[in-house]
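Notes for the one structure printed next.
Order as written gives the chain letters A, B, C and D; numbering starts at 1 within each chain.
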Amino acid sequence: MDIKWNEILITGDPLILGSQIAIVLTVIAIVGGLTYFKKWGWLWREWLTTVDHKKIGIMYILSGVLMFFRGGIDGLLMKAQTARPEMNFLDAQHYNEIFTTHGVIMILFMAMPFLIGLMNVVVPLQIGARDVAFPQLNALSFWLFFSGAMLFNISFVVGGSPDAGWTSYFPLAGKEFSPGVGNNYYAIALQIAGLGTLMTGINFIVTILKMRTKGMTLIKMPMFTWTTLITSIIIVAAFPIFTVALALMTFDRLYGTHFFTLSSGGSDMLWANLFWLWGHPEVYIVILPAFGIFSEVIATFSRKSLFGYKSMVVSIVGIALLSLLVWVHHFFTMDAGPAVNSVFSITTMLIAVPTGVKIFNWLFTMRKGRIKFTTAMLWALGFIPNFVIGGVTGVMLGMAAADYQYHNTLFLVAHFHYVLIPGVVFAVFAGLYYWWPKMFGFMLNEKLGKYHFWLFVIGFNITFMPMFFLGLQGAVRRAYTYSAESGFAPLFLVSAIGSIILALGFAVFCYNIYWSFRYAKRNVSSDPWDARTLEWATASPVQFYNFAVLPEVKEIDAFWHMKKRNSGLVLKEEEIQEIHMPSNSGLPFYMAVVFGITGFFLVFEWHMAAAVAAIGIVIGLIIRSFDYDDGYHVPVEEIKNIESKWRKVEGGVKHHVG
Amino acid sequence: MEYKTNSKYPISHIIGFFLSLLLTFAAVFVALEAQLSFTIVMWIIGSLAVLQAGLQLFMFMHVTEGEDGKTNIINMAYSAFVAIVIVAGSVWVLTSGHAAH
Amino acid sequence: MSANVNTSLPLEYQTEQSRLNILGFWIFLGAEIVLFATLFAVYGVLGERYANGPTPNDIFKLKDVMIETLLLLTSSFTCGLAVFEMRRHRLKGLLTWLIVTLLLGIGFLFVEINEFIHYVHEGATMQTSAFLSSFFVLLGTHGAHVTFGIIWAVMIIIQLIQRGLTPVTARKTFIISLYWHFLDVVWIFIFTFVYLKGMVG
Amino acid sequence: MKLKKVFALFGAIIFPLLSGCETNMVVFEPQGPAARSITQLINWSLLWMLLVVVVVFALFTYIVWKYREKPDNMDYEPPEEHGSTVLEIVWTAIPILIVIALTIPTVKTLYDLEKPPKGYEDQEPLVIHVTSADWKWIFSYPEEGIETVNYVNIPEDRPILFKLTSAGTMQSFWIPALAGQKYTMNRMETELYVVADHPGSYLGRNTNFNGRGYAHMEFEVLAQTPQEFEKWVREVKETAPKLTKEKYEEILLPTHLGRLTFSNTHLDWVNHADANSKTYTNPEAYKTHGYKGKIFEEEDNYKNDAYTPKSNHGHHEHEDVNENESHGGGHHGH
């Protein structure tokens, strides 16, 4: 093993040096703080070893916020560089690294954990379960995701960032044109995180199919649970493809095989094909849960049940099937012939049909309702018009012949930001404002929330609307600069200004979290929004066993009807029984550490070291195989204690008082 | 919900085993001995493989048993659908048009 | 959850957690189907790009392939017998057939590894051509699964000896039997679409 | 606010439809039949999409306004309502009809673009081989026996058949004023028919990211009258130097170049579209900061070719891509 010590740390760039210093200081601050406040034990017991789906969800969301920050800074740097023609703020190499990490982080390490986090927090509560089907696996999923995310994020200070775009097209991403280890990070970090996601998918399918409370048939499930189920099914269908694609990439880069290389018969088109076979379903993996969140929020704040519930379900199933049949529209220009392009144009445009059904159903849910403009609802309302713009431009891009003129231009970039920001980011914000009291027992500030909303939405439109026109003028994506004669300058400047407003919006959000943690009123009701589904039938924050007695469901919007009929809300003491709960485990965290170390060695192609570290993985699996810990039982007295506390809280739903 | 627990001899296993041997040798014969065109051979041995996979699923793995029998069937059918999309789709997309030159 | 034991069912299905695990494993097998389908798609696209290297006709040997196929087929059968014995609550029969399965699996691996060594000696390595890259990775992934299955089965045999037949050990045995049968299913397709296809005259 | 946004969008979409001169949206100012057919398709889709946007935005504004919570409707309890089969069928059927309305011209245009544009079918197309490399465009005229780098001259009103390939990374060949884009890929050949209506200079560029030099990977398309074009070809043949293998290997290194012109083509010894052609890769030339991994020797690399002497350009390490940038290179024949 020939280690080039002088190449490991990236040096010479002031931006990177600054980040390195910041990272070191942050680590010192965290370690120092934990030691000073004697919080190491607390961290280990309450968080690192937890198998509680709510805590895992919160850790996912926290990672999402962090990664949003990182990805957002990447975005701002890009906007700064292109604000004026022929700027020299970033050089080409640096810009390439930044748009690559921006894409990867925003999709895989921001959108995914935010949504999976909300799924974790909410879904078991919505179906009236005590936890997910495999709590320890759930923890492993999170820690593998986190391990992959951290491995990916250190790339820019250690070893070099990936720089071939988030799509990492071959042959550019191969050793022939990218001899540095940057793209090894892409292959290996995403692999580790992807394994975690795959397990999440399996976990949630089983949870939703098998652990619904009494009476909750499939067609009585809340819409967010439905979308989670379908999303999980897409995850299980799509992520193995990515696993293979990344593994083949790893083989090409580390062991000199010829899957995607120019040499010896490799096919660069095959990479694009495999990448989008996963990549397009991935878009729906992030968009479907978002649709679920909007469905919950719109129904709650219109005080009506969801319009066309069944057609909503049919739509998401339809979207899920179509999601696997459209991947070629990402490379119409690869010239697979008019027959292929025609077929994939049609399947692509067909996606507009179920999506349109959903939009109209949402509109008609609000019709005859009483629309309350909470922050969560504002996000849902902002979503509809903005997403429609993303949708119609999507249809335009789906027409293969027209795509020859849009492909790889900023028109495309504008389109997918109009889909992903309203579709995912707005949904995440809606979900956070909506479920925050359920997670933490206090609300986010509504007034700050509205500033957050308006700054973000206006900033978003100013940033991305000009890009449609830039694209039609011939401006291409991923170009680090453009000439003064091109005439692109004014719109790029507008776009850059918009991104500052967008960032301000996000800053208000961060401040809102800080402010609310310190000053928001505690003791809020367990049902502050007068909501409709079961997660609101229990305490806020939710006690670790979720429900003292599992609720029984008779119809859709079960909790709403329980409140209407004033039944099923009171806890009878004699009904309380011992509750079986899973024990904490340090194994998932351990596995993430060994996976991370193995991955790191592989990135640097230190194969012997990686092989030794991989033994740690095998040991972990063997330990797991011999683990017969069957959890523990919560005694009735403890349950009574906990229940009597929250059921008497002032401001709590009156019906709840036993 | 049916579980195969009562029979004294593993009849379905034995039948399954012999059938799979039969199918294997039939495939070898068709591929190497019968003088057929490549396309026909591939269709025949492909069908034999699918048959044999079905045999394993039903005779050995009891895919339909238990309270989730239906779920399992849907799961396997869906996976097969995805598999066909991936294999047939990739081959079709990457071998048609000018790009295939 | 553990209180919820239904003794009218076979051992492996008796607890709620076992039923969850078994369904979860079936869904995992769905993911595995997609994984292998992707590898087959890769082989389908690259399988004829020999890049001046050897072609299937140059290297494949019917004898080795048939031995591997028969070993794995038989091991799938004996694995089925093991579960059959388990359902009749016969630990001894279960262990015997499980060990036979393992030995057949090891035999398969032995022949396969020899086959690969032979190829490498003939200059057909993973780096030679796209055809061989996709061949070795498809076969290697399957072989790695078999290896993993063998290690896993050894763990379960140890647990069966330690703890006897309980709902938990029965469930674990049942799950590995599903895994083992699945590997045989994959092999059928490898046998057909890699070996036989390569040897069609 | 919402209303304003609606208007802004309205204006923004109508504007390019109205026309041309001020918007400088090249996609809406086609200069040849191929691009024009795409623009017509885009306009057709815009019309429908505009309709969708107007309907949804109007409905949205109306509903949100009408059913908002007000101090005087706090005691209004919305009715239980689960859907309406008729409505749901309506808003499933209408999008399907729109999709059909869009599909028919899309498929037609797709097939048309694979042939010489209408009205030019009987003319013999001029074949030009395009080879993209990092980070330049190489144009070979096999019939004329000339080769240019970073600019291409074509006769107006005559179909041009571009045969596209790449010497290395994947690129996309795009002349927005004349035609839509297609990828260039090593060992593959994609085709693109182009006709320019009238003489003029058009910008072409790569749209598919391919590394450090990507942003500047542009070329000029100069459409000339047939007479001018003939004259230019003659001049090039008389005055331009011969391209040698050594020079060609130098051109293929990852650099920016100005315009170059040669009186023969590299197709004489290598066509990168050919499935059995050698690879021209040189990982050493692509090193950037950070840790370097293992680089593999490839057997089919031109450097290992027994018939060509080992190139002496194999070790240009840490080449600054901007060093060789000189846009003022000779533009023969003008």
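The working rule: a contact is a pair of C-beta atoms (placed from the backbone, for glycine too) under 8 Å apart; a residue touches a chain by one contact, two chains touch by 3 or more.
Quick caveat: nothing in here was measured; it's all calculated off a predicted structure.
Participant: Please find the two chains that have the most C-beta pairs touching each other.
Facilitator: Among the chain pairs, A-D has the highest number of C-beta contacts.
Participant: So, comparing each chain's Cα centre against the centre of all protein Cα atoms, which one is closest?
Facilitator: Located nearest the centre of all protein C-alpha atoms is chain A.
Participant: Cα centroid separation between chain B and chain D, in whole Å?
Facilitator: 44
Participant: Taking each chain's centre as the mean position of its Cα atoms, how many Å separate chain B from chain C?
Facilitator: Their C-alpha centroids are separated by 15 Å.
Participant: Where the centres are mean C-alpha positions, what is the separation of chain A from chain B, in Å?
Facilitator: So the centre of chain A lies 36 Å away from the centre of chain B.
Participant: How big is the gap, in whole Å, between where the Cα atoms of chain C centre and where those of chain D centre?
Facilitator: 47
Participant: Note the residues in chain B that touch 2 or more other chains, in rising order.
Facilitator: If we look for residues of chain B contacting two or more partner chains, we find 68, 71, 78-79, 82, 86, 89-90, 94, 98-99.
Participant: Which parts of chain D, given as residue numbers and ranges, touch two or more other chains?
Facilitator: 183, 185, 188, 190-191, 296, 299-300
Participant: Going by the touch rule set out above, which residues of chain A reach two or more other chains?
Facilitator: Only 209-210, 237, 241, 256, 263-264, 267, 269-270, 273-274, 277, 334-335, 337-338 qualify.
Participant: Can you list the chain B residues touching chain C in their complex?
Facilitator: Within the complex, chain B contacts chain C at residues 3-5, 10, 13, 16-17, 20-21, 24, 27-28, 31-32, 38, 41-42, 45-46, 48-49, 52-53, 56-57, 59-61, 63, 66-68, 71-72, 75-76, 78-80, 82-84, 86-87, 89-91, 94-95.
Participant: Quick one: which bits of chain A touch chain C in the complex? Just the residue numbers, please.
Facilitator: 133-134, 198, 201-203, 205-206, 209-211, 236-241, 243-245, 247-248, 251, 255-259, 263-267, 270, 273-274, 277, 580, 618, 622, 625-626, 628, 630-631
Participant: Quick one: which bits of chain C touch chain A in the complex? Just the residue numbers, please.
Facilitator: For this pair, the touching residues of chain C are 1-3, 19-21, 23-24, 27-28, 30-32, 34-35, 38-39, 41-42, 45-46, 49-51, 53, 126-131, 133-134, 136-137, 151-152, 155-156, 159, 168, 172.
Participant: Residues of chain C touching chain D in their complex?
Facilitator: 51-52, 127
Participant: List the residues on chain A that touch chain D in their complex, please.
Facilitator: 4, 7-8, 10, 12-13, 92-93, 96, 159-161, 163-165, 169-172, 175-182, 184, 253-254, 256, 261-264, 268-269, 302-305, 307-311, 331, 333-335, 337-338, 341-342, 345-346, 349-350, 352-353, 356-357, 359-361, 363-364, 366-373, 381, 384-385, 388-389, 392-393, 395-396, 399-409, 461, 465, 468-469, 472-474, 476-482, 487, 604-605
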